[in-house]
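Per-chain numbering from 1; labels A, B, C, D, E and F assigned in written order.
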Amino acid sequence: MSKVVTFGEVLMRLSPSNHRKMRQSHQLEFFFGGTELNVAASLANFGMRVEQVSAVSKDFVGEAAIASMRHLGIEVPAVTRVDHPLGLYFLEIGAGMRPSQISYNRLHGAFANIIPDTINWEEILEDCSYFHWTGITPGISEAAYKTLKNGLEVAQKKGITVTADPSYRNNLWKYGKEGGEVLAELTGLSNIFIGGVNEINEILKTDFELSREGFIEASKELIFTIPSIEKVFDKVRTGVSASWQKIYGQAWTGTEYINTVELEISSVIDRIGTGDAFAAGIIYGLENYDDQYTLEFATASCVLKHTILGDNSLVSLEEVLDVMNGNTGGRIKR
Amino acid sequence: MSKVVTFGEVLMRLSPSNHRKMRQSHQLEFFFGGTELNVAASLANFGMRVEQVSAVSKDFVGEAAIASMRHLGIEVPAVTRVDHPLGLYFLEIGAGMRPSQISYNRLHGAFANIIPDTINWEEILEDCSYFHWTGITPGISEAAYKTLKNGLEVAQKKGITVTADPSYRNNLWKYGKEGGEVLAELTGLSNIFIGGVNEINEILKTDFELSREGFIEASKELIFTIPSIEKVFDKVRTGVSASWQKIYGQAWTGTEYINTVELEISSVIDRIGTGDAFAAGIIYGLENYDDQYTLEFATASCVLKHTILGDNSLVSLEEVLDVMNGNTGGRIKR
Amino acid sequence: MSKVVTFGEVLMRLSPSNHRKMRQSHQLEFFFGGTELNVAASLANFGMRVEQVSAVSKDFVGEAAIASMRHLGIEVPAVTRVDHPLGLYFLEIGAGMRPSQISYNRLHGAFANIIPDTINWEEILEDCSYFHWTGITPGISEAAYKTLKNGLEVAQKKGITVTADPSYRNNLWKYGKEGGEVLAELTGLSNIFIGGVNEINEILKTDFELSREGFIEASKELIFTIPSIEKVFDKVRTGVSASWQKIYGQAWTGTEYINTVELEISSVIDRIGTGDAFAAGIIYGLENYDDQYTLEFATASCVLKHTILGDNSLVSLEEVLDVMNGNTGGRIKR
Amino acid sequence: MSKVVTFGEVLMRLSPSNHRKMRQSHQLEFFFGGTELNVAASLANFGMRVEQVSAVSKDFVGEAAIASMRHLGIEVPAVTRVDHPLGLYFLEIGAGMRPSQISYNRLHGAFANIIPDTINWEEILEDCSYFHWTGITPGISEAAYKTLKNGLEVAQKKGITVTADPSYRNNLWKYGKEGGEVLAELTGLSNIFIGGVNEINEILKTDFELSREGFIEASKELIFTIPSIEKVFDKVRTGVSASWQKIYGQAWTGTEYINTVELEISSVIDRIGTGDAFAAGIIYGLENYDDQYTLEFATASCVLKHTILGDNSLVSLEEVLDVMNGNTGGRIKR
Amino acid sequence: MSKVVTFGEVLMRLSPSNHRKMRQSHQLEFFFGGTELNVAASLANFGMRVEQVSAVSKDFVGEAAIASMRHLGIEVPAVTRVDHPLGLYFLEIGAGMRPSQISYNRLHGAFANIIPDTINWEEILEDCSYFHWTGITPGISEAAYKTLKNGLEVAQKKGITVTADPSYRNNLWKYGKEGGEVLAELTGLSNIFIGGVNEINEILKTDFELSREGFIEASKELIFTIPSIEKVFDKVRTGVSASWQKIYGQAWTGTEYINTVELEISSVIDRIGTGDAFAAGIIYGLENYDDQYTLEFATASCVLKHTILGDNSLVSLEEVLDVMNGNTGGRIKR
Amino acid sequence: MSKVVTFGEVLMRLSPSNHRKMRQSHQLEFFFGGTELNVAASLANFGMRVEQVSAVSKDFVGEAAIASMRHLGIEVPAVTRVDHPLGLYFLEIGAGMRPSQISYNRLHGAFANIIPDTINWEEILEDCSYFHWTGITPGISEAAYKTLKNGLEVAQKKGITVTADPSYRNNLWKYGKEGGEVLAELTGLSNIFIGGVNEINEILKTDFELSREGFIEASKELIFTIPSIEKVFDKVRTGVSASWQKIYGQAWTGTEYINTVELEISSVIDRIGTGDAFAAGIIYGLENYDDQYTLEFATASCVLKHTILGDNSLVSLEEVLDVMNGNTGGRIKR
C-alpha cells in the first residue's frame, strides 16, 4: 500500500471535562493532536498507511505522545526527540452561545526546535503517494518552515501529490517571516488546495468576497497565479451555536464548481479537528473516488468528527459511508 | 399486592463515559440490565411488586448483579447461581449522526446455562397476576427456551395474563431453532402482544407494510392466527439523530385502532431500555387504566427513559403523569 | 472602586454528575452557591468589588466555603463562623422532559443561626454603593430576617441603592412569619425591584395576570404602593424542555415599558443561578449603562449562565458583550 | 432463619477521595452508613437475616438510602419516611500522622425526628433472636431514645438476646438527658455488653484503669451492678499511625478472661465501621461459636474491615475464616 | 534487531478502582493484559523488538486491544480477528489481609477459538531469536494448544531459543487434555524453564519440597528427564500481606545454584503481571547478561512491576538498573 | 498583623492520578504550586498574613492560578500578567522503589518573562516583616534574578528579615549566569539560611561532608564568609522508599547545634513541597518560638505535608502542634 506522509507538530491538548472552565477544575483530560496528526489519524482509521514526521520532547511526555501515535496506527520511525518540552494547548470547551477558548504553549516547544538536518526526506518519501502539510507548521518557527520546505521540494521532485491546508493563524508567525508570503511560496510546491476564500485572500493579498461566486473567482485566480494547484476543496460552516453547526462542501475542480447538501449536527461533542477530518476525507477521496464523491465523503467525515471527543477523528470508513447513504437517525448497531 | 414475574437474563453493560469510543477509554461505566430486568425495574419504580427469575454467575460479579436487583426493588428468591460467567455487552454510545454500537458476550454465559429443573414455576407463580417475557430469552439457548416454555405453560394454566415482547434479534438463535417458529409457539401461550409490524411479520412469515394500515391489518391477522392474543400495543420511533428522537404509541385493542400524540426528545441521555419502559408502561396500564390511557402512559414512560442513564428506567409514577399532564418545560422541582 | 454588598446564605450544592439520579451514584459534585453568593460571584467576574456578609459553619466545610468565596473574588471579612452545620441542598439534574429536583437541608444550618449582633452593618456598608438581597434570606429564620432588616435600614440611611429580588419560596417561612408581609416590608426599604407579576402578586396580595399588560399594571401598582421602588426588571422564560430554554427581558422604568429580543439556548448545561446572573447583570448595568442596555446586558448574562456548570456564573464582561454583539455561533477563540 | 434486628440512624457519609481535604475537592464519594447499619450490613454478608428499623427523609436522598439498604441485603419494611433531611456527616480521611476528621449534620435530621408511635415493635420483633443497639441512638434525640427504649422493653419481654455497644459521644446528648444515666438504664435492658473500660466508666461513673486488670475489674463491677449483662466483649487498638493499626480482642465471659493474638494492618483503606465489624462478629459468634472462637472471629472481622472502603463491611464469612486460618499473605484467589 | 515472539491470549482486565469491591462500584478500570502480552510489553519497554501472535474479537473491543498492543510497542501483523468475544477477567484488588480475587470469562473467547491454520509460523519466526510461551495457553482450548505446538516445532527447527513459563492453573484444562502431560510435552520443545518446584512437580509428577535443596534437586531432575531444558530460573515470594511482599530470585544454571538478595515492597500498587516482569527480565538477560546478572535484573524488574498499575510492566531499562545499583530511596528525578 | 512576602513562580503541576504513568493516563490532576507559593500557602494556613509577588499568563490559565492563590488565602495585588504561557511541570508519582519523575516547561513562561520595572518593591514591602526567596527564582531567567535582587535590596534597607532557601537545581541556570555565584550574592542579602551541607558547598565552592560535623563546620564557614546570615536550619531525610521516609531537623543557631528526633512516615501521599513546609515552619517559628521549638515545629510541619496531596501544605497550626504533642496514632477527630 502506498503511504501518506504528514509533517507537523504533535500537540498535547489539555481541557477540563464536562464543559467546566479551568477555574472550576482540578483535573484535565488530555489528548495528543495537532492538525497534521489529526489528518494522519483519520487516514489510518480509513485504512490507509500513514507516517508522520515530527519532533517531540525527550521525556515521558514525548514517550506518551509517540505511544499515542502508534495507538492511532500512525507510523513513527522519523519522529525525532529534542530536549525541549512538548508543545501543548489548554482548551475550555464552550456550549450554546459560549465559544470554546484556546491558549497555546508551543512557540518554544520540541517541534519549534526541530533540527532540519535530522529529517531524511529522501528516505521518508520513498514509497509515498501523498504529502500533506498545513499553514500551522511554517508559522511555528524558522526551523519548522525550513524542514517543511525541504520536504516539499523532495516531494515535488518525486512526483508525490502534495495537499495543502494553508490556513493562516495570527498568533503564530513570531519569528520574522510574513505569513502570506511563506504560504504562497509553499503553495507553489503543492497540488491540491484545501481552503476557501479567506485562505486565498491571505496568500494572494486579494479581497474576494465570502460567497459562492467569490469562491469560484478566488479559486480561478489561485490556479492562475500558482499553477501547481489543480483543485480547490472547501467546506462552509454556519454556527447556530457552539453546540449546533451546519456544514457543506464546495470545490472548484479546475473546470467546474461542485458542492454538497448541507449537513447539520445539533449536539456537538467536540469541534476541534473537524477541519482535519475534512482534509483527510479529501485525501482519501483523491485516492479512491471522483471529485463529487470525494467532496461528499470529506463533508460527511467532517460532520461525523463533531461526535468524537478529542482532536483525532476515530470515524471508520463504514461510518462515513453510512452517513452518505442517509443513515443518520441513530439506530443502534448490534 | 399481586405480583408481576419476569424471566430473563441479567446482562452487565459496560460502556465508556462521555461518548468516548472504547479505544479512547481506560474505564467503563457499568449497569446491570437486560430487557426483562429493565421492565421489572420500571414496574418496581411505579410501585408494583415484581420478581425476576434468572440465573447468574457464582462469583463476585453475580453477587453484584443480585445486589443491584435488590437495589432496584426487584425480588430475587428464584435467581439461581451457575458456574458460568455473567453475560455482558459492551456499548459505545453514539451522538448526532453516529449511532451507538453494541458487542455481546452472552451465548456461553450463566443464563444460557440455566438448568430448567431448578426453576419451580408452580411456586414462583403462586400469587402472580402478570408474566412478562421477550423474544431475547428463547434466542439465547435451548435451556433458556425450555425454561421459558415451562413457565408460560404454568402461567396459562393459572390464568395469569402473559405479556409478550417477541422482538427478533438475528445475532441470537445460534443453537439450532428457527426464531420465527419458536416465537410463534410462545406467542400462542401469551395474551398481550407488545410489538408492531416487523415482529408480526417475523412470526407469521407475512409482509405487512410499515404504516398505520399495515399495523391494523397485521394485528388483525395475528389475533386471527394466534387467538390467545387479545390486544397489540406498539410504539413508532423516528430518529432525527442518535440524540434526537420522536415517538408515538399505537394499539389495536381487538376492536379499534388508537394512538397518541408524538412526543419529542432533543437531548437523549440514553436510548437503551426505552422499549422496555414502554412495555412496563403497558403492564402498569393493564392493571390500572383503560387502553387509551395505558398507551399514553406507556409512551410517556418510554420517552422519559431517554433522560435516564443506564439500562433501567428509574422514572417514577409521578414523573410519567406529569409528562402526560403537559409539564414538559423543565421547571425545577424544589 | 465602590463596593456591592450582598447578604445571604452560603449553600453547598451536591449533585450527581452526568444527569445521574442519586440512586445511581456513588459520588457527588459540589459547589458553593446560594442566590446572593451567585450574584456576588457574577459581579466579581464583571470586575466589580463585592463583599458578601454571611455565617458559615465552624468546621472544615465552612473553611472550604470561605476559601471558595475568596476563589471567586468575593471579599469575606464579615463572614462569621457559628457552631452549626453549613446549609446544603441535593440536586438531581434533569434532561429533556425530566425536570431537575432539589432537596434542601438548611433550616437548622449555620446561616439560619446567624447572630444579628455580630454583624456590624455601619462598618460593612462604609464605602458601599449597592446592597442586594433576595426573598430567600428572610424566609430562612427570624435571625436571618432581623439581620437583613438591620442591614437594609442602615443602607437606606446611607443612601445606598438597594436591589431586591423578593422571590417567594413556599418551602421556607417555617418560623412563624407570613412571607408576603415580610417581603412587602423589606421591599419598602429597597429601590430596584427584580421580579415580575408573580412576585408582585405575592407581596401586594393582588392577582395581575401573566402578560405584558399584567406586568405593566403590576409594576405601576407596586411603585404606587411602595414608592421607594423606582424601577422593575424582569425576565420571562419559556421552557421547551429542561435542556432547551428561551428567555427575554422586560422592565418598567418608571415611565415606560422596554424589552429585549428572545434569546434561545438549546443545550442547557446548568440552569441553577441563571436568575442570579440576570440580577447581577441589572446591578452592573445600573452602575454602567442606561435602562435598555442594562436589560439587554442582564438578559445576555442570564442566557450565558445556562452554559456554565454549577451555581456561580463565571461569565466575563467580554463574553456578555460578545453575545450582545451577535457573536453566538460558537467560533473558537484562540 | 431467625432474624437480627438493629435500630438506628441511616447516615450519609460524604468524603473527598484519595486523601484530599475538603478544600481541595470538587466532588465527594458517598456511602450510607451509621453504626447500627454497619452491623446489619456485616451480618447480612455473613449470611444472617437482618432487619433495620429506622426513619429516613421523604425525598430522593431517603429513597437512595433505602435502596442502598436493600442492596446490602438488609430488610427494610419498618423504615419510615419523615419530612426532615437525612442525617449526614463529612469526613476527611487522614493518612500517616494526620488523623481523619468528621463533621456531623444529624441533630435535626429524619432519624432525630422519628415518631415513636409509628414503630410497631411487637410486630417487628416477632421472629427475632437478637436485637442490637448502640449508644449513638439515644444521644441523638428524645424521640430516638424513647423509640429505642420501647423496643428494648419489648425485646426483653420476648426473651430476645440484646447486644449493646453503649459508646458515649460527647458531641451528642444535646436534648437534655445525661448520657451516662441513659446508657446505664438501657444497658439494664441488655444482655451482652460490647465495650471496654471507657464505656463502663462512663456508665458506672467509675474510674477503672485502661489495662487487662482494669478491664476484668470493670467487667465484674458492670455485671454486679447491672445483672442483666452476662458477658463483656472488647477490642483493644494501638495506632501506629492513621494508616497502620494493631488490634486484639479481649472478653470477660462471666467466669474468665480470654483474649486473642494481636493482628496488624499496615495499609488501612478505611477505619470507619471497624468497631461495628467487631460487634457484628460477636453477634454472629454468639449464634454459631463458643466465646473464644467468637472473640477471634470478631477480631478478624474488625481487622478485615480496615481493607474495605466505606462504612459498611463487605467481608464474607469465608474471608474472616481465612484470616483466622492464617492466610494473610495476600495470595490472589482465582 | 532480532525479534522476540510471544504467543498467547490478549485478555481484558476489568477492576474497580481504589480497592473497591465490585458491589461498591459503578465503573471499572480496564487494561489489556494476558501473561504473554505482559512479557512482550516489558521487553518492548526494555528496547527489544517484540511481536505477539494472537487472535482477538472482530468488534470494537478487539480493535481497542490491537491499538493498545501497538501503544505498548508490540508488533501485531499476525494478530487475527475471529467472530467471538475477547476473553476477559474481573479483578477485585485486595489490601492488607484481604487477597485480590479474580473471575475469568475466557473459555469461549476469541483466543480459545483461534484457527491454527491461519497462523503462518514459518513467516512469523523468520528473524526471531526468542520464542516465549506459558502454561496458560495450552490450557485454554485444543485450538490454542495445537497452534502453540505448531509454533514450538517450527521454533525448534529454526534453532530459536524457547523460554517456557509452564505454570499450571486448575481453572483451565476443561477441553479434555491433562495439564501436566501437555506441559511436559511442550517443555520438551523448550530450552529455558522459568518456574520452580511447584511447576516441576506438576510436570514430572514428582513431589520435591519447597526449599533451596528441593529446587536444586527438582531442577536437576527436570533437565535429566527433559534434556532440551538448559537452565531453570525461579523467583521466591513471601507475602507479609496483599500490600507487602518480599521476593528473591534463584536459578539452576545447569552447573550451579545462584540466587539474589531479597527485595521488599511495602506498598504494592498492583501485583498482577509481576511474574511476567520476572520472565521478561530473564529473556532480556539471556540476550545481554550472564546468569547472575540476569537473575538480579529479572528480580528487580519483578519488584518494580509491583509499583505499576495494570497488567503490563512499563518499567524502563534505566529504572531496573537503578534499583540494581541500590537507588531505592525514592529520590525525585527532575 | 505584619506580613510575609514571597517572590517566585506560580507553577502548574500536572500529574496522572493513582500512581499511573503518563502513558497510562487520559487525564491529569493539576495543582498550582511552586516552591515559594508553597511556603506562602503554608503560612496562610498557620494564620499569618502573606503576599506573593509573581507574574502569570494573560489567559484563563493565569486567571485560574490567581483564583487558586486567593483560595489559599494568599494576597495577590502585585501579581502581574504577561503575555507568555504559565510555567508548568509534569509529574509521575512514584511508589516503593520507583522514584517520582518530573519534566519542566518553565524557561520561556510568564514568570521567566517578568518585567522588573513593573514590581514596585517599596510599596509591596511597606508593612512586611519577612521576605522569603529560594534558589529556584534566580535560576529561571535574568529578569527573575534582577527582580529578586531589587526586592532583596529594598528588604535589607527596610530591615526586613530575609529567609533564604538557596537550593541549586542544575536544570535551571540556562541564561548565562553561574548558579553558585548568584546564590552567594543573594545570600549576602539574607539573614536566615534554610539549607544544609550541599547548599553551602554549592555557594562557597567548598566540600564539607554530609554529617553532623560537616553541617556544623559548613554553617560556621557560611556565617564567617557571609556575615549577614545569622542562623542555619536544615532537615535530614532518609528514604526507605518513595513511600516511606524518615526526617529530622538540625540547626546551627549561631552558637550551638540543635536537632530533633527523627519522625517517620510509612505511607507517603505526596512528597512535593515537603521542604517548603519545613521552610514555612521555620518562618512561623522565627516569629513565634525559640530555636528548638521552631526546629521541631518545622520538622513536624514537613512530615505532615507528606500526607497532603498536591504541592501546597494545607496543614493547620493545631495539626502540627498535635504531632509535636505525640498524637500520631491516627485517632479520628469528631
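The working rule: a residue touches a chain if its C-beta (ideal position, glycine included) is under 8 Å from a C-beta of that chain, and two chains touch if they have at least 3 such contacts.
Because the structure is a prediction, the values reported are computed rather than measured.
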item	value
From subunit C, the most remote chain by mean C-alpha position	E
Most widely separated chain from subunit D, with each centre as the mean of CA atoms	A
Inter-centroid spacing, subunit E versus subunit D (mean Cα positions, whole Å)	45
Inter-centroid spacing, subunit E versus subunit A (mean Cα positions, whole Å)	42
Of all residues in subunit A, the ones touching two or more other chains	17-18, 21, 23-26, 67, 71, 101, 104, 266-268
Residue ranges of subunit A in contact with subunit D within the complex	24-26
Subunit D partner contacts - residues on subunit C that touch it in the complex	14, 17, 21-23, 25-31, 57, 59-61, 63-64, 67, 85-86, 88, 90, 92, 101, 103-105, 107-108
Touch list for subunit B against partner subunit C, complex	17-18, 71, 263, 265-269, 303-304, 306-310, 314-315, 319, 322-323, 327-334
Residue numbers on subunit F that touch subunit C, as the complex places them	67-68, 70-73
Residues of subunit F that touch subunit E when the two form their complex	18-21, 23-24, 94-102, 104, 169, 171, 238-245, 266-268, 271-272
